[in-house]
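What follows is a single structure, written as structure tokens, with notes after it.
Each chain gets a letter, A, B, C, D, E, F, G and H, in the order it is written, and its residues are counted from 1.
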Amino acid sequence: MKRMAIVGNHALSYGALLSRVQVIAAYPITPQTQVVELLSEMCADGTLKAEFVKVESEHSAMAAVMGASASGARAFTATSSQGLALMHEVLHWVTGARLPVVMGNINRAFGPPWSIWTEQTDSLSQRDTGWMQIYAQDNQEVLDSVILAYKVSEQVLLPTMVVLDAFFLSHTSEPVEIPDQEMVDEFLPPYENKYILNPDDPHAFGGLTNPEWYMELRYKIHKAHEEALQLIEKEGREFEKLFGRYYGLVDPYRVDDADTILVAVSTAASTARYAVDLLRERGKKVGLLRIRVFRPFPYERVKEILSGAKKVIVLDRNLSPGAGGIIASEVRGALANVKNHPPVFSYIMGLGGRDITTKNIMELFEEVEKMEEGKDIIWKGVKI
Amino acid sequence: MGKEEKKIIFKSVNDLPPMAMSLGTMWVNKTASWRNLRPIIDYDKCIDCMICWKYCPEPAIYLRDPDERVAIDYDYCKGCLICVEECPVDAIYTEEEGK
Amino acid sequence: MRKLTIPREEYMTPGHLACQGCGGALAMRLALKALGKKTILSIPACCWSVIDGPFPYSAAGVPIFHAPFETAASTSAGVAAAMKILGKEDVNVVAWAGDGGTFDIGIQAISGAAERGDNILYIVYDNEAYMNTGIQRSSATPYKAWTTTTPYKFPKARPKKDIIGILAAHKIPYAATATVAYAEDFVKKVKKAASMRGFRFIQVLSPCPPGWKTPPEITIKLARLAVQTGVFPLYEVENGEKYKINIKPKKLKPVIEYLKLQGRFRHLTQEDVDEIQRMVERNWKVLLAREEFSKQIEKIV
Amino acid sequence: MIEIRFHGRGGQGTVVASKILADALTREGKFIQAFPEFGVERRGAPVAAFARISDTKIWPRHKIYEPDHIVILDPTLIGAVPLLDGLKPGGWILVNTTKKPSQLGFPKEFKVATVDATHIALKYRLGSAASPIVNTAMVGAFARVIPVVKLETLLDAIEEGVPIKPKENRAAAEEAYNSVIMEG
Amino acid sequence: MKRMAIVGNHALSYGALLSRVQVIAAYPITPQTQVVELLSEMCADGTLKAEFVKVESEHSAMAAVMGASASGARAFTATSSQGLALMHEVLHWVTGARLPVVMGNINRAFGPPWSIWTEQTDSLSQRDTGWMQIYAQDNQEVLDSVILAYKVSEQVLLPTMVVLDAFFLSHTSEPVEIPDQEMVDEFLPPYENKYILNPDDPHAFGGLTNPEWYMELRYKIHKAHEEALQLIEKEGREFEKLFGRYYGLVDPYRVDDADTILVAVSTAASTARYAVDLLRERGKKVGLLRIRVFRPFPYERVKEILSGAKKVIVLDRNLSPGAGGIIASEVRGALANVKNHPPVFSYIMGLGGRDITTKNIMELFEEVEKMEEGKDIIWKGVKI
Amino acid sequence: MRKLTIPREEYMTPGHLACQGCGGALAMRLALKALGKKTILSIPACCWSVIDGPFPYSAAGVPIFHAPFETAASTSAGVAAAMKILGKEDVNVVAWAGDGGTFDIGIQAISGAAERGDNILYIVYDNEAYMNTGIQRSSATPYKAWTTTTPYKFPKARPKKDIIGILAAHKIPYAATATVAYAEDFVKKVKKAASMRGFRFIQVLSPCPPGWKTPPEITIKLARLAVQTGVFPLYEVENGEKYKINIKPKKLKPVIEYLKLQGRFRHLTQEDVDEIQRMVERNWKVLLAREEFSKQIEKIV
Amino acid sequence: MIEIRFHGRGGQGTVVASKILADALTREGKFIQAFPEFGVERRGAPVAAFARISDTKIWPRHKIYEPDHIVILDPTLIGAVPLLDGLKPGGWILVNTTKKPSQLGFPKEFKVATVDATHIALKYRLGSAASPIVNTAMVGAFARVIPVVKLETLLDAIEEGVPIKPKENRAAAEEAYNSVIMEG
Amino acid sequence: MGKEEKKIIFKSVNDLPPMAMSLGTMWVNKTASWRNLRPIIDYDKCIDCMICWKYCPEPAIYLRDPDERVAIDYDYCKGCLICVEECPVDAIYTEEEGK
């Protein structure tokens, strides 16, 4: 184990390195390029024994890792925003093909207008592709999540996206513990999959399926997600045993006696944690629920934690136009069937890289303190 | 690949593989019903050139045991009549199906 | 009398879902004879997505990954990378796609894989339109042909895209045309390509009875006429430079012999036919010249 | 928690400066976030970078609006960009310049330190004469002015972290450490 | 006006014809091909004066209509499933560029495995792209919706997707009234847009936008959606005046005194209407809420109609793996902040073209009658 | 003494965000002089997405549609279709893209538009890598060059993609190379292309100081050397067949003169240089031969 | 509401038959849904099509499992596919055959009608000798057996709806109308 | 295009166009601050060949009034020194900025 100051992009690369990925196919895009560059270096100097397919686009990147994974190789890619969107068709495909591909996505706002700054709409708008999604709040978690992602993905045969904020993680250097390779090897065995392309046992994958059985195959995908809900927590505990860090589906903070709980993801959640501490110092009974795993959506955990609160605030750094915040809609959806659940205050903020400061978050709690009725959408910070 | 007509029966979702993976071959699917005209080899005329075998897209022409002459598998022949057209010595004639 | 001109082994099974007289089905049958068992196919959306049969069956006898339409080459690139890292480089990694998936929606992935020199054999069975969706124009559709999107009143106004020329410009080790009528030639080319490394490409003209509006029995005849009239010459290009024409008819048959058999050309006027005749002749002469030219540049060091 | 802002120009290694600092602090088991001003960097155009330093894990993750200290890698930026925006009273302004702190005319509420990093960089042939790379010298000086990290650790971090001329960079940092003039 | 038996695909084409679209760019895909074919015919024989760009892929189709729309031409395309997914990046782009493109989408299940049958995951999983989405239940509505879509889109500068079920509409011949061209012209004026590519008044569109103003531009997109909520109903009434048919955001049926209301879209809603009648005959107090416009999501109308019920059933012919039915999640999200809202029973059924019969729907009501607590996901018809 | 060799009018404004000495900025300045005001640009992701300036400003002086990376040609196809139906066919519909957006992610849309004969002038400013994202390899990156994804230890192993050859294989009316050092030649080519119809293509080599690791002042010198060494010959191809070399140096300068100025080639060994020299010479001879050959096939009717 | 199922082979115009019917009914202000069995159609392979007919708007939209009547365009399908699946007792089975209804041996609970549509199609040179197109003749016969639409309307719909040989198709339909043999 | 330095000030979201449409030109952005070295034309040496004008990528060289000689706009010149390098008669020399 070694403690190093690295940027989030490099944490992603180290995660791939330590997971001993075998095939990488990726295409550069700001703010992900450092991932591609470091992995290129690692492959060039032999640090990483992997084939790097320097594809001509993101849909080819995703197709190449798909082909590799289907052939029995552990496969990795990384992208952001436009690139992720260009993969969209293939994202759905990888899920249907039940391939445990792992990908890093650096959250960046969609164009137009061109923006290179953070916003979660890119990954969240892939919410229906069937990919598991993990949102990291620091670079340590980025690295660890890649390893954990393979561990879970390869058991449930579902792909995982490890998501991090542009710049606030991707380009921020901070201390990260780099686990020893042997310990990672102990945690993560080599990729084994019996459903692969193998001339000695030839099967066709994905052929035309009549209405007779299609639905059952989709059902299996959903059940695999449900299985993953358990596995993520189980593997999180295994990981903790070896590395001393636990990652679960959600990351509740000071929620036990909280009247108001804020729900957030990614670096905004990290900032919110600081804000919660400051408010607690002032005697406010506030708490934070960081959603770490967005797909499978941890309904039960969310219900459990939030239903005791008097008010729920959701911070969305994303927008589904014509609807509202994506996380809020899922959280409201989760609470709807809970009897006497608290009202939800859905805030949209920080789009296109607009900063979310500790102060901003404290303001949310203050504003909500004065409101009684839940609100489906509140815009925070728009210059009116 | 040997002939393998095994029909796959799933009773429930639990019988399915995780993805749509083939578990049997199309030998299960007898395409005889597609045929309007039945090609028939006149072995007296046939010079064993194997051109019909070469061009059958199914393939529904095989080399029969034990004499290795070309023969038509009527379970699968769709009646495209390529063999009839291509036979250099007109050794294949046709008959209407179901007559 | 008996002469086995192509490998005896069958990998493809009957019972598949191709139409009567499908050139594309025959192409696969022949290709697999050449490739053998150690082969992995990536097949994007095309008639072959259906021909192979519905879940849980398959007709190909070798592993297939059914892939999104635009990804034949890129999926194969991933398969090839995996084979390399897993030490299974004896496996033929084959992308098998229709003309639409190749000339149109798949060309970027092809261009990328070709440029990178990925270790793939790409075979396009060219039936000159989007057949699986019911006969729409592709950029492989010939000049003046009818399709549902180039209706009789306004048939295709552009010539067929020169895919071999495009691939040759990528300087790939091997690019070739073939057709099902010349089965031995096709099998030989697939074997030759399979024995090489890097990105290799074969275009196999595969007549399609419903799409060409022809009776199924003349599939082979049409494929043969395409060559004999010069409409579809058989040739190879090595390293983008070395052209070799495989079949050189003493005299090209008139194109009308080919065209008149096909419903998709039934609207052609005499002028149209004459124009096509001129185009075909010119292309043929250019190809002959190119073959000569390649001898010339071979000498350049 | 200490918050610092660096100012420089595209191509001068401003971001690298903050990264070296991050590396050094990490070696000492401290916590740091070092990040550039997020945007399109063009050679010659003004850029900034940030660092947040603490002995414990740092939770807030947003830009720094009210830095405790400021480091200016290029003196020609003075006047060209609002360098002192948000700087907390009592904070240090460390400037790469030939001038003395008092000659710079910064408001009295700030402490000022200067170092001739350009000269030092040129001396050790870091970068070209037209565009010397002053970043390592500047972190050296920084370590003196704002002693959040041991000099030795910093020098090691530099030596192992720079892509070329490790020794020269180390020496430049050390020389800057020793030659910085502090007032305030 | 002429009454003709046409398939849904042709209804879409006629809608485009009557809207006098000027540029079409489309790529064939089952079950949409008839749209492309008929429009090709119409362009070839001069019935429709439009440029038809026969693109080589769907992302080019969407890019071409985008370019055309940005240049001041009324633009149209149509696609389905994989094609829609391949457009994904450009879909987001068209929204950000604020272009009133109209597209038909024939709902088809995503591969793998290959399927050509109906399912709504394709369009619903585009829910975060900012496109307005209209789900038609018959071919008349398909045709009329194209015209209405242009009317609204061009006022709010947002694109619209007119969605119809594969086969159950696309390939089903049924009587459709073809409005007279003059009346359509009266309703739908020529496309005018002052924000276009014009060398005489040159502007750049979509340039890099700093965090300073990006969020405000997104806010405007959302506000345009909110404006559309009003406009859709207003233009629906205008349309009714001329053509005698009204289309709103939602289509409630026998909900006023209903204890149990079923929420559905598309042809399943049509079948459900029949089921409701049959159940009413048996004295059951049941009703139907057909959601016609899914984006902008008609929160207010949905809340208004559903909050009075005792139970709400949502029928989803789609799946967001790891979450559940997409419409259900939106409906639950809409209800969460309504005090004492009814429990929601979220059914997944009919995936991959599995049929949804009148009997199936009646069973939903019967099953729910026996349940008290709302359920976030119930699989209906999976062969267990 | 004074001679105005290129149009005087400026359309592009200063204040734009290109680096010092950006060849791509100059290329645009020159192209707009040739194109004039009646021009619509579609620009996909590339340095020019940034160079043009942030909202709400622009430096180009003509309308720009900023387009997704892969859609320069297809967006332009839509613009061209609109111009046609709206009766504004006097407008130059121009796709302006980098080499990455052209050789790689945009090539499918290009191939499609070229095949359809869409009325577009496509200009690629070729700086031989993905510069906007910080210098990653594209398929236009030259053999053995360093980029961040082809690191010094493992520089690019494949030669630069022959984009003109690929476009020529599409038989488009006009394809040409140009570079900013030969400003008059470039302007002439843009004007010539603008006067034609159908899909036209110009590749303008545009040195990039940070990407090539060169001082900004030698941008023109490099562009000139690229031509004089034969690394980047200036030529035109009409209808995919008629080759014309515009600048024929009596004797090619050694490539080392070009390479040694650039940091991206600083790792080259003498063998590498020799190999590149041989490749360049061979390509040059092939090009000369091709020019001859095209006279030959011109005679074929 | 009347529900009908058509059986034929790919390429025989089975779907067109149901569409012509839709057109005719539409002309009379009636309501109809006509749709093919959704799937991959291959020439020669068995196919089916459906129609739902009513005087008022038709709401249910799903396949037809229990048709009121059945129309068989190709007699060779008898035995090859489960043609009578779900057919309601008392329903008509209309078959293209040279045989008499009684010769077909269908269960007694159904009414049977026959017409030699192949012969009629050949007579009017519809399709080729190898594959005659019998669809218009079959709808003609249908109009007699299940009188949901006026013959004249149907004939008009045929004449305007078929891509080629409008007169011949019309005549074929009329002849079939007149020559159908009904038992039951 | 005339020089147009209008700075666009939005006060609120309501001032914005619906999409990111340019409303002014980059003349607003004086890039002088990017410059390290300042190119200076020595008009005595200058032969008015306009090569510097031709190659300036900004363009920061214009034809001044009234004599139409080349002149450098120091508000925009980034100091790339292409003009210095390309001038055939070395009529452009440099000075360090801020000295």
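By our rule, a contact is a pair of C-beta atoms (placed from the backbone, for glycine too) under 8 Å apart; a residue touches a chain by one contact, two chains touch by 3 or more.
Since this is a predicted model, take the numbers as computed values, not measurements.
Number of steps on the shortest path from subunit C to subunit G, with steps defined by chain touch: 1.
Between E-G and B-C, more contacting C-beta pairs join the chains of B-C. Subunit A and subunit H have centres, each the mean of its CA atoms, that are 46 Å apart. The mean-CA centres of subunit A and subunit D are about 34 angstrom from one another, to the nearest whole unit. For the pair subunit B and subunit G, the distance between C-alpha centroids works out to 32 Å. Each chain gets one centre point, the mean of its Cα atoms, and the points for subunit D and subunit F are 41 Å apart. The residues of subunit H that reach two or more other chains are 10, 13, 17, 19-23, 31, 34, 78-79, listed in rising order. Shown for subunit E are the residues that touch two or more other chains, namely 54, 56-57, 59, 82, 86, 89, 93, 96-97, 111-114, 116-117, 203-210, 213, 216-217, 219, 224, 353, 355, 382-383. Across the assembly, subunit C contributes 17-20, 49-50, 52-53, 55-58, 61, 64, 66, 68, 70, 103-105, 107-108, 111-112, 115-116, 139, 209, 216 as residues in contact with two or more other chains. Screening every pair of chains for touch gives A-B, A-C, A-D, A-E, A-F, A-H, B-C, B-E, B-G, C-E, C-F, C-G, D-F, D-H, E-F, E-G, E-H, F-H. By the touch rule above, subunit F contacts subunit H in their complex via residues 1-6, 8, 10-18, 20-23, 25-26, 29, 52-53, 55-59, 61, 64, 180, 183, 209, 215-221.
Contact residues of subunit E toward subunit G in the complex are 3-5, 31, 116-117, 137, 165-169, 171-175, 267-268, 270-271, 273-274, 277, 353, 355-358.
Those residues of subunit E whose C-beta lies close enough to touch subunit A in the complex are 59, 82, 85-86, 88-89, 92-93, 95-97, 109-117, 121, 124-125, 127-130, 132, 205-211, 214-219, 221-222, 224-226, 228, 295-297, 299, 319-324, 326, 328-330, 332-337, 341, 343-344, 350-355, 373-377, 379, 381-383. Those residues of subunit A lying in contact with subunit F across their complex are 27-30, 33, 36-37, 40-41, 43-45, 54, 56-57, 82, 86, 111-114. On subunit C, the positions that touch subunit F within their shared complex are 70, 103-105, 107-108, 111-112, 115-117, 139, 158-159, 161-162, 165-166, 168-171, 240-241, 278, 282, 285-286, 289, 293, 296-297, 300-301.
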